[in-house]
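Down below are the structures I want you to see.
One chain, chain A, appears in both complexes that follow, with chain B as partner in the first and chain C in the second.
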Partner chain A sequence: MSDKIFRVNMTTLTTCVEEVPANWAGHGGRGLTSTIVTAEVPPTCHPLGPNNKLIIAPGLLSGTPAANSGRLSFGGKSPLTGTIKESNAGGTAAQLMARCGCKALILEGRPAGNTWYSLAVSPKGVTINVETELIGKGNFEVVSTVTGRIAKKHALISIGQTGEMRMAAANISVKDSEGHLRSAGRGGLGAVMGSKRVKFITIDPQDGKVAIADPEKFKAANKIFTKALTSHPISQGLGQYGTNVLVNIINEAGGLPTKNFTAGQFAGHDKISGETMYDRIMERGGKPKHGCHPGCVIQCSQIYNDLKGQYKTSGFEYESIWAMGADCCVDNLDHIAEADSLMDDLGLDSIETSVAMGVAMEGGLLEFGDGEGILRILKEEVAKGTGLGRIIGGGAGLVGKTFGVARVPVVKNQAIPAYDPRAIKGIGITYATSTMGADHTMGYAIATNILKVGGSVDPLAKEGQVELSRNLQIATAAIDSTGMCLFIAFAALDDATCLPALIDLINARFGINLTGDDVVNLGKYILKTERAFNEAAGFTRTDDRLPEFFEYEPLAPHNMVWDFTGEEIDSFWDF
Partner chain B sequence: MKITVRLFAFFREGRFIEEQLEYPDRTTVAGVINDLGIDINAVGVTMISSRHCPLDAELRDGDQLGIFPMIGGG
Partner chain C sequence: MIEAVPPTVEIQVHAGCRYTSLLQTGVDIMTTVPCSIGDFLDRLPGFSKDYIINRVQTIFLNSTAVDDMETPLSGTAPVVALSAAMPGLAGAIFRRNSMHAALRSAKIPDFAAPSTQSRIIGVRLKLFNMVAAEKGEALFAAGVHCTGAGLLDFIAGHPAFLTSISRALFSGQELADSDLIKRLRTTDTIQLTIKMRGAILPAKTTTKEAHHE
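And then the complex of A and B:
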């Protein structure tokens, strides 16, 4: 089956299936969402207005047997940052969408009335249905009800109440193989889906399959690729401790943002660490190792049970645990798990929301460390959409303004995640220059600065950081186009067989002859395309800066400040 | 001299989380790793007092040494 573009117009409530324009054909995932956003969304439009679009695109390899290829990209103009946005998630939707022959789903327009809808995607196209029962409900109820309605295997994409209320921290969730959730967390695209009054999207591939041009070559490449992933020691550690293994090493390095970014080490670090989490998962009969989609051979996800041995949360990641933990000084892992589950159900980005809580704590809303207080605010304010709840759900920047706080860790209004840029300078360059606002995944300098994967750059020195972030951001943009989970990057940085095998997989899938240089050029094209959108939306180089407090508040234990000049940061774009 | 040694991830299994240990002067990071029976090839990162250090770095009295296997996340 040849791939098509599925278009849904929510103003006219019509759908159609279109041929793929020639200049979109080589793209997938982030490369495709950013290409379509740039082609079709006016950069100055209001993100919640009728002219913004939500683009959903599987990666180039999604739906094939390639290991770890099930990431789904969501793109549009972000209500949080006002920039272009791509946010991706695991779950089963990318694979099943690809099997529908859907290269991208474009959701445009906005209905006039107050009616809510759901969409059903199949190889024949998309149908629009009125939805009443699940409006006002959380993601968990959407999953259980829709699973009850559709007996056969399907994928599900949905928003919680916060997406319906169009909060800027609202995410989009994707069901995984076991009915739990993975989220395209950052940038508030859940609010864009809510503005179009689409509560959920189901995907039924029927007997659709992804065609592979050269199956023999594909199989051989996948074998090499899978071996590179599974034999890398970091993949093995991810399987045991999950990404939360980072709490202790980032703390040891003095870069764990604590108490709203006022210290680089957290006294309670070991209580929320991956090691402690692993012991607790084993004691309570959970599962330390779990994949977010079939075909994942790394399995960084896990099932975390509560004290009674009942399921509490999964995909319990370092960034979420850091944010609700060290940044808010909560050292009770069960409170953090409960908050994680609430945020999943409400459909909130756990980084943005937790950093917003940290800023609110500094503003006097709660004492630092008050895990119970956080749970109460999530349940009684955010879930109900009270004034305070909407401020928290509007993200860290809005909370800072509302509470008169000067120490607001955001870039382009998006919360800075779990690595302090004063103690780990390479990641600061990524935060500053990313086309998406502060986002560690855009150029994960932690690998080289702290973990010593793919070389070694001194985290406290400026030398080499701009170049490092540039190379990582270019590579990441390309990887984000393949549908690959970013955790393949550790193997890719260290194992010389990994990237060539990945390129062979793409070539065998499409019957083409990409080279390593083509892939680098793809990454560069994506970054430049995204930046051009941002410039047309009104962003300038002065937006590529970290918040001022990083320059005048030294961070213990290293007592370092952020000391890159604007010129040095801007040299990032010299390519 | 007294060194505070902190172990992480599976290096803790059958050993300890944090202990103060006594070593002769000029003991290196590798010396401590070998003394603890840790496979040096499995070591990813070592830090003395929150700074990365090479395996042949000599320790000084009162140092805090962190030993990590190869780990990652993000």
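And then the complex of A and C:
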């Protein structure tokens, strides 16, 4: 089956299936969403207006048996940052969408009335249906009701109430193989889907399959690739403790932002750590190891049960636990899990919302550490869309303005995640220069030496930090186009067979001859394309800056401040 | 501050009991300085050079990532934390001799030159993740120093630990769980030994308390 572009116009309520333009053909995932957004979305449009588009694209390897290749990219202009945005999630949708022959689904326009819709994607195209029953409902009810309506195996993408209310922290959820949720969390793309009045999208691949140009070569490459992933020591740690294994390390390094970024270590770190979470999962009959989509061989996700041994949440990630934990000083893992579950149901980015809570705590809304207060606000204010709820759901920047707080940890209005840039300055460069606002995953891929884009770096010089951040962002952008989970990057660093095997997988899938240089060039193209969109939207170099308080508030225990000049940061774009 | 001769607490637990995460907040190991980090780790029960080189990927000394195993333990109460390979860019940044070490904050603290005079100090040792899971048992079997409050805090967060205790001795005297808790509440530093059932503990049966603090 050859890939097509599926287009849905929500103004005219029409759909069509189009050939893939030649210059989009080599792209997938983030590379494709950013290419389409740049080609079709006016950079100065209102993110919630009819001219913005929501692009949903599987990766280049999605739908194939390649290990860890089930990430689905969502792109558009972000209502939170005003920049271009790509956010990706696991779950089963990427694989089934690829099996429909859908290279990208483009949602454009906006319906005139108040009617809500759902979309059904199959290899034949997309149908639009009126939806009434699930409007105003949370993601969990959407999953259970839609699963009841459709007997066949299907994938599901949905928004919660906060997406319907077009809150800037609203995310998009994807059902995983066990009926739980994975989220494309950052940047408020759930509000864009809500602005198009699409509550959910089902995907039924029928008997569609992804064609592989050279199956033998593909199989051989996948074997090497899978072995590199499974034998890597990081995979073992991830499989046991999940990403939350980082709490103790980052705390020890003095880089765990605590009490709205006023300290770098949290006294209650051991109460919320991956080690403690593992013990609790085992005591309560949960699962420490769980994949977010079929074919994941690392399985960093987990099933966390409540005190009674009942399912509470899954995919309980370090960044979410840090944000509700250390940043809000909540040292009760069950409160954090409950909040995580509520945010999943409401369809909220757990990083943005939790950092917003931390800022609100500084503004006097609650005492730091008041986990029950946070739960109350999520249930009684955010879920109901009260004025306060909409402010919290509007993100950390809006909360800072509303409560008159100067210490607001955002870049381009997106909350800074779990690594304090004063303690880990190289990550600060990524926060500042990312085309999408502060986002740790933008410079996550550790493949610089294999890709030979590392150059010679002086570890003590600022130029070295800028150069490394640049190379990491280039590598990340390329990996984000494959549909691969970013955790493959660690094996790619240490095992010389891993990255060539990944390139072989892409070559065997499409019958092409990409080289390592092509991968680097792809990463550079993506960054430059995104940057060009932002410039046309009115962003300048002065937007590539961290909040001022990082420069004058030393962070304990190392008492470091952020001391990169604007000029030094700007040199990031010299490529 | 470690008391000269802290009371002993010996705990025997059922097989399968999870207690090694107690090491994430740290225990004190008495050691003679001057001493390099490499030598200190090498002397730990259950550790070997091969394990330290291959498994322990990240070492913090006083909250700063250390690349050189010859770095001397510094300060009056050094804190050493060990981790296996960790994910994420941050995990890579703090890894020993990582090419991504460039992304750490540039200021390298002075590890003050230690005195050449030989003395015994308590080193606060924290083991995280796989390192704790793999070496915690040997460490606790050999005995560590920690605070009564620290052990109580761990018990409060791990109720299953208490129910896994098959035998507890405080200063050599067997105590019921509730009495152990009471004693821990009023004791600062303890010398703690935890062994899985089947390991040999001193044969004491009296429940009378003989230890005087």
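Definition applied: the second predicted complex is superposed on the first by the 556 of 575 C-alpha atoms of A that agree within 3 Å, B and C clash if a C-alpha of one lies under 4 Å from a C-alpha of the other, contacts with A are read in each partner's own complex, and residues count from 1 in each chain.
Just so we're on the same page, contacts are C-beta pairs under 8 Å (C-beta built on N, C-alpha and C of every residue); 3 or more make two chains touch, one makes a residue touch a chain.
Keep in mind the model is a prediction, meaning the values are calculated, not measured.
After overlaying the two complexes on the shared chain, residue contacts for A:Gly369 are found with neither chain B nor chain C.
When both complexes are overlaid on chain A, the residue A:Gly385 reaches neither chain B nor chain C. When the two structures are aligned on the shared chain, A:Lys425 is found in touch with chain C, with no touch to chain B.
Once the two complexes are laid over each other on the shared chain, residue contacts for A:Asn244 go to chain B alone; chain C is not touched.
Between chain B and chain C, more residues of chain A are touched by C. Residue contacts after overlaying the shared chain place A:Pro233 against chain B and chain C alike. When the two complexes are overlaid on their common chain A, residue A:Gln465 makes contact with chain C while staying clear of chain B.
233-234, 237-238, 240-241, 243, 245-246, 248-249, 252-254, 270, 274-275, 300, 318, 440, 444, 446, 458-460, 487, 490, 557-558 are the residues of chain A that lie in the contact sets of both chain B and chain C, per the superposition on chain A. By the touch criterion given at the top, residues 18, 21, 24-25, 55, 57-58, 60, 63-65, 81, 83-94, 99-109, 126, 128-130, 132-133, 157-160 of chain C touch chain A in their complex. Within the complex, the chain B residues that touch chain A are 6, 8-10, 12, 17, 42, 44-45, 47, 50-52, 66, 68-74.
By the touch criterion stated above, chain A contacts chain C in their complex at residues 232-234, 236-238, 240-241, 243, 245-246, 248-250, 252-255, 265, 269-271, 273-276, 278-279, 282-283, 300, 318, 419, 422-427, 430, 440, 443-444, 446, 448-449, 454, 457-462, 464-465, 468-469, 472, 487, 490, 493, 557-558, 560. Residue ranges of chain A in contact with chain B, taken from their complex: 233-234, 237-238, 240-246, 248-249, 252-254, 270, 274-275, 300, 317-318, 440-441, 444, 446-447, 450-453, 456, 458-460, 486-487, 490, 557-558.
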